[in-house]
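Look for subunit A in each of the two complexes below; its partner is subunit B in the first and subunit C in the second.
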Partner chain A sequence: MKPLVAVVRFPGSNCEYETARALDACGLHGRIYNWNELDEASGRGCSAWVLPGGFSFQDRVRAGAVAARERIMDLVFRDAQAGKPVLGICNGAQILLESGLVPGWNPGSVQGCLAGNLAPGRTGYLSGWVFMKPVGAGAGKCPWLMDLDGAPVPAPIAHAEGRFVFRDEDMAGASELAVLRYCTPEGEEAAGWPHNPNGSALAAAGVMNTRGNILAMMPHPERALHLFHVPPNLPGPWGEARRTRGAVGTPGPGASFFTGLARYLEVP
Partner chain B sequence: MDDTIGKALEREIAERKLAMTLDEARRLHGLFGRMPTPLEFHLFDIMWSEHCSYKSSRKLLKGLPVRASQVVIGPGEDAGVVRFCTHDGVDYDLVVAHESHNHPSQVLPVEGAATGVGGIVRDVYCMGADVIGSLDLLRFGDPLGPSGERCRGIARGVVEGIWRYGNALGVPNLGGDTEFHPGYDDNCLVNVVALGIARHDRVVHSFVPPEAGSEPYVFILAGKPTDDTGFGGATFASADLDGEQGMGSVQVADPFLKRILSQANLAALEYLFGTGAPFGFKDLGAGGIACVTSEMAAHGGLGIHVDLDQVPVGIPGLPPEVVACSETQERFGFAVAERFAEGVLDIYNRRFELPRLFPGARAAVIGRFTSEPVYRVTCAGAEAACAPASAITEGVFYDRPAEDPVSSSTDDPGELPCDPGKDVPAMLLSLGGCSRRAVWSYYDSEVRGSTVLRPGEADSCVILPVPGCSVGLAVSGDGNPWYGELDPFLGGAHAVGEAVRNVAAVGAVPLCATDCLNYGNPEEPSVMGQFRRGIEGISEACRHLGFLEPGEPLPIVSGNVSLYNQSSSGGSIPPSPIVAVFGRLDDYGVCCDMILKEPGNLLVLLGPRHREFGGGLFLRAVLGGSGGRVPLFRGPLEAEMARWVIAGVKSRRIVASHDISVGGLALAAAEMVLSSGGPGIRLEIGADPVQLYSETPGYLLEMAPRHVDRLPDHARVIGEITGDGGLSGDGWRVDLAGVRDRWSDMLASVVWREEGV
Partner chain C sequence: MEAVYVAVRLKSPDPEAVTALYTLKRTLPCSAPELLFRYDLWEFLMKPGEAGAVAGMITHFTDIVNPNRHVSFILPQGGSPPGEDDGLSWTGVLVWDRLDSRSRNWTSLLIRRGFPVEEARCGSLWRFGYPREARDIESLAMTAALSETRESGLLANPVSQEAVPWR
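And then the complex of A and B:
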């Protein structure tokens, strides 16, 4: 039996199908649960949770704020506290910060946020491919990052509010948890625009909790799952592979986030 | 002569702000044999509007080729349907729709463009399809001209409306195109295309099934509570634009609710197909409840009794004609057997919790189909409308006089200067030649995780419609206003020709097309003449560019006509037929982008160059001129070239491709270099303006030296791929590195940041 990974569809989620397919493609069983299917979601008992991207509850109040208070998040909270892996992608990351699961110094209280993009001369939504890499010793204990080899990983972003922000006094602690950081195609940590596409503190693309089982990331690994997803003009070895190799049936850079989980869950 | 009826009708028209003429009102009075009720006035005003009835255009539209073997449903329903692929034993159809939302976008750009996207995806959803992509064909006024400030604001607002709606809905944006022309200063164009995929055996029709004659069928309204937004929207779309009027007629869109509805719809369709009982499904667009209920009943040969007291409303106390005719967004209607109505209501109201997620949203039974073919609406126990159902949908027709336009296509200027080192940067850094990246950077092109080629990587976007299936879909939308302005026939023909080239360039076989015919006031014979010639141009091109069965055309399967695109100061837009073409790739792994691959490979030119600069970017951006001879449409050659490119991509002999259009061969080559970010191109062409800048259609193709031994007559090697990232020729060189950043950023700089304005 493949481990069951619950993908939560909140009202307004819109990446649930491809996220479930990405899990399926990596030896897991991704299953979509509606926000109100509490009995179904708790009855089966899942091995991990994924909160997919989208615009849950229309980004009312703040992106992720309303979904973070839905009852199904009680189940996520309980499993997360028990150490089960949880991944939030894009709007899912916003929900994890709004629920206080990430950074999780005091689980349940909001200690960071994803604020509006800061980019020179523009506001609002930005889509495009970026590079990121795992940083720091903490990355090694995060199931979602276990399969990353340290090389720059390209993936697309697509968001208007993706800038990680922490209080000044929390920056040192946040630095330990910002295990996924924007970088140049060559792997240098991003100093600013355009490699850090949204002005994120610490050039953070993804932040985990102190225990390392929960990861909140803004780029979309499920949209970089296959080599065919990679733009043919992307700099670096992934773009080169797309230009020169058959793109069909070859894993892309985003697959490692899900294969890492599969390895952690000991999928043969 | 005592004309009390005429005077009373005139009063009604004035007081109710109806768009119908007095003659039409008299006809309506005659139809009823009495003074129509307020609801009847408004209902017929909508049904007889240009937007709904195609009263000026229908006769000419009959000239368009619509039939071909792959067509399942042609023009007439909400969207066109063609056979697409088979996967795991299941047949899938492609569902496509194309509309304009021009007037609302001019008045309220953000809301107008958003509801444009919202409306077109509804047309595809209601065929039972899942929407898998959308594209936008945008025409704005000159952002640097006398109305520049307004044009820039409209351009920014339209793009914002599109991203705010489309991104939240979760439908990938597959590009489209953006053009600027001073003829749109007072009347922008926002054309929207949506495409979806449906199981062939689960395509749903938009009328009540005949079974409703023998067992009770009800009408279910699902979605947003009805309010007064968009009241008069269809008639507004059919009027001249004058200042800021009509703002109240623009609808308010809500992509959040639409996303939930789309998921609930899928569950409801699944449930209804499971019951085995036939049903009908239709979106609510122009004319709201009144139009959807009357059309569903009339097209099924039945009648209906609608009880407005059962309609969930967002504002209490609205008059019946507003509840019945407002164009509140995010609503769908079902015709279902009464015994399964409860099951449908349960999906929307309990499983997807509409009432909790959006105040007042829900699904409710608001009508009952009748075997007597009468359209009847009651409100608070009183009759608000009562008419023969067929009379409502019958419509009115006009045979408007058309005057053949005089082609203003003239001979090109004699001696032309040519300095590629200056000319090419001038074209690249013009509004017609700069990158559209600023627009795409706001769009989510990758949601659904099925996107293979995004805007800017190839001539068409490519997606995978069916997860797990290797068949890919390519789509492109085109239309050159500078050609249409000089020659309405060629404007139409090249809109098809370029879209076909863009689809063929990635290796896809064109399957079908949609069109949106944007013109000025049809009551002017000169405009009707442009319209007629545009249709003739499209038809001519489609007849040549059918690729599936010998002798069959590329079929137009859906479309829209948008007339009265002018300001009341009298300026009509340039004739603007806009065409989208959809193509199929057997294997998405064998599709071709425009990224240069390998220094040492050769560059092949397909298509001879002729002296055709008319409407071209070289004249505009370099010489500051206009006029000239628009490229001829050479149908047989276009077809032959497309076939050769498709075959070359399939056999992997062609490894990069880009079509030649705006700016000619030189601009096409420059775009390939700029998009690639490494390799360059060296051409064996001197400073020859005809070779470099003529817009005669064609292709540039990268091929390995071993593959160029058997080129067709109209192809030849014209250069090679280099490693230096530059563009050069015999005796000239373009500093592309020096313009790359400005080319990429120019649109953002002019339209968004308003720099140097």
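And then the complex of A and C:
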């Protein structure tokens, strides 16, 4: 039987179907639960949770702030504390930071933020493809990153509030947890715009908790699941593969995040 | 420099304020207000003697005040916008982003266009209406505003934003 992975749909989520399909395609069983299906979500005993992208509660007040206070997050919190893997993608990442699950030095305390993009001469929503790569020894203990080989991974971003912010005194600790960082197509750490598209501290594209079972990431791996998702003009080996190989049926760069979880959950 | 404050609100009910009010009533019933209003609050630091230019400046840009959607008020620091219900006691909390490209870009745009502005900054002014008998409403409002944990306040993330009493 395939491990059940709960995908939480809040009012305004808009990536739940492709996220569930990405899980299914990688040997898992992704099932979508509405934010108010508490009994069903708690009764089925899922192996992992995914908070998909979108605009939960229309991003009112602050992206992720209202969803973080919903009761279904009590279940996510409980399972995350028990060590089950949790992934937040884009708006899901914002919910994880507003919940205090990431960076999680003191779980439940808000110790980080995904603030508005900060780029020269630009304000607001940003959409495009970026490159990221796993950084540091900590990445090895994160189930979602187990199948990344260290090479730059392209994936799309689409957000207005994607800039990781930490307090000055927390930056050293955050540096150990910022295990996914924006980089150039060649793999050098992004020094600024355009490779670090939102001015994120530490060029962080994804930050995990101290235990390593929770990952909050802004790029969308489910939108890079298949090779045909990759734009043919993308620089680097993935763009080259897209141009020269048959794209249908070939896994894309984002598949590694979900196959990593499948390997962690020992899917045969 | 002279600071001029402009509060801008929607003519229709503000969905953000409605969601915030009901989330606070559900999660923090002891600190939640009876009514909650939200305004975009613009702080313009004007060149000496140029405060009068603000009215013309804000009507020049419909991104600041769109007369079809918004009403605006020029306020003194700590001032109350008109139209608040007299049956309640009112207090305000101002939420600023510590760093935001919106304010930076507006400052740059206004200066480029020749307006006598040194700096522009945009935040949110939350107005809390509590029952008359409620005590220490400023402290209640700050509790409701500052989101130190997921079970405490809502309106400001303490890592990237600052919340200050509007007085």
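We take it that the second predicted complex is superposed on the first by the 268 of 268 C-alpha atoms of A that agree within 3 Å, B and C clash if a C-alpha of one lies under 4 Å from a C-alpha of the other, contacts with A are read in each partner's own complex, and residues count from 1 in each chain.
One rule holds in what follows: a residue touches a chain if its C-beta (ideal position, glycine included) is under 8 Å from a C-beta of that chain, and two chains touch if they have at least 3 such contacts.
Every value quoted in this text rests on a predicted model; they were computed, and no experiment measured them.
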Looking at the combined model built on subunit A, do subunit B and subunit C fit side by side or clash?
-> fit
In the overlay, answer first, second, both or neither for which of subunit B and subunit C A:233 touches.
-> first
First (subunit B), second (subunit C), both or neither: which does A:108 touch?
-> second
Greater residue coverage of subunit A in the superposed arrangement, subunit B or subunit C = B
In the overlay, answer first, second, both or neither for which of subunit B and subunit C A:248 touches.
-> first
Could you give the angle made at the Cα centre of subunit A by the lines to the Cα centres of subunit B and subunit C, to the nearest 10°?
-> 70
Return first, second, both or neither, reflecting whether A:61 touches subunit B, subunit C, both chains, or no partner chain.
-> second
Scan A:167 for contacts with subunit B and subunit C and give back first, second, both or neither.
-> second
Have a look at where A:31 lands relative to subunit B and subunit C in the superposition and call it first, second, both or neither.
-> neither
Would you sort A:121 into first (subunit B), second (subunit C), both or neither based on which partner it touches?
-> both
Is A:21 touching the first partner subunit B, the second partner subunit C, both, or neither of them?
-> first
Contacts of A:73 with subunit B and subunit C, given as first, second, both or neither = second
Between subunit B and subunit C, what minimal C-alpha to C-alpha distance in angstrom results from the superposition?
-> 5
The shared contact residues of subunit A with subunit B and subunit C are 57-58, 121-122, 124
Interfacial residue positions of subunit A with respect to subunit C in the complex = 57-58, 60-62, 65-66, 68-69, 73, 98-100, 108-113, 115-119, 121-124, 165-167, 199
Could you please specify the touching residues of subunit B with respect to subunit A in the complex?
-> 160, 163-164, 167-170, 254-256, 259-260, 263, 351-353, 357, 440-454, 457, 467, 470, 587-589, 593, 595, 597, 675-677, 748, 752-753
Please give the residue numbers of subunit C that touch subunit A in the complex, ascending.
-> 15-16, 19-20, 23, 26-27, 97, 99-102, 105, 147-151, 154-155, 157-161
Within the complex, subunit B is touched by subunit A residues 9, 11-15, 17-19, 21-22, 34, 36, 53-55, 57-58, 121-122, 124-128, 156, 158, 220, 222-223, 225, 228-229, 231-233, 235, 243-244, 246-248
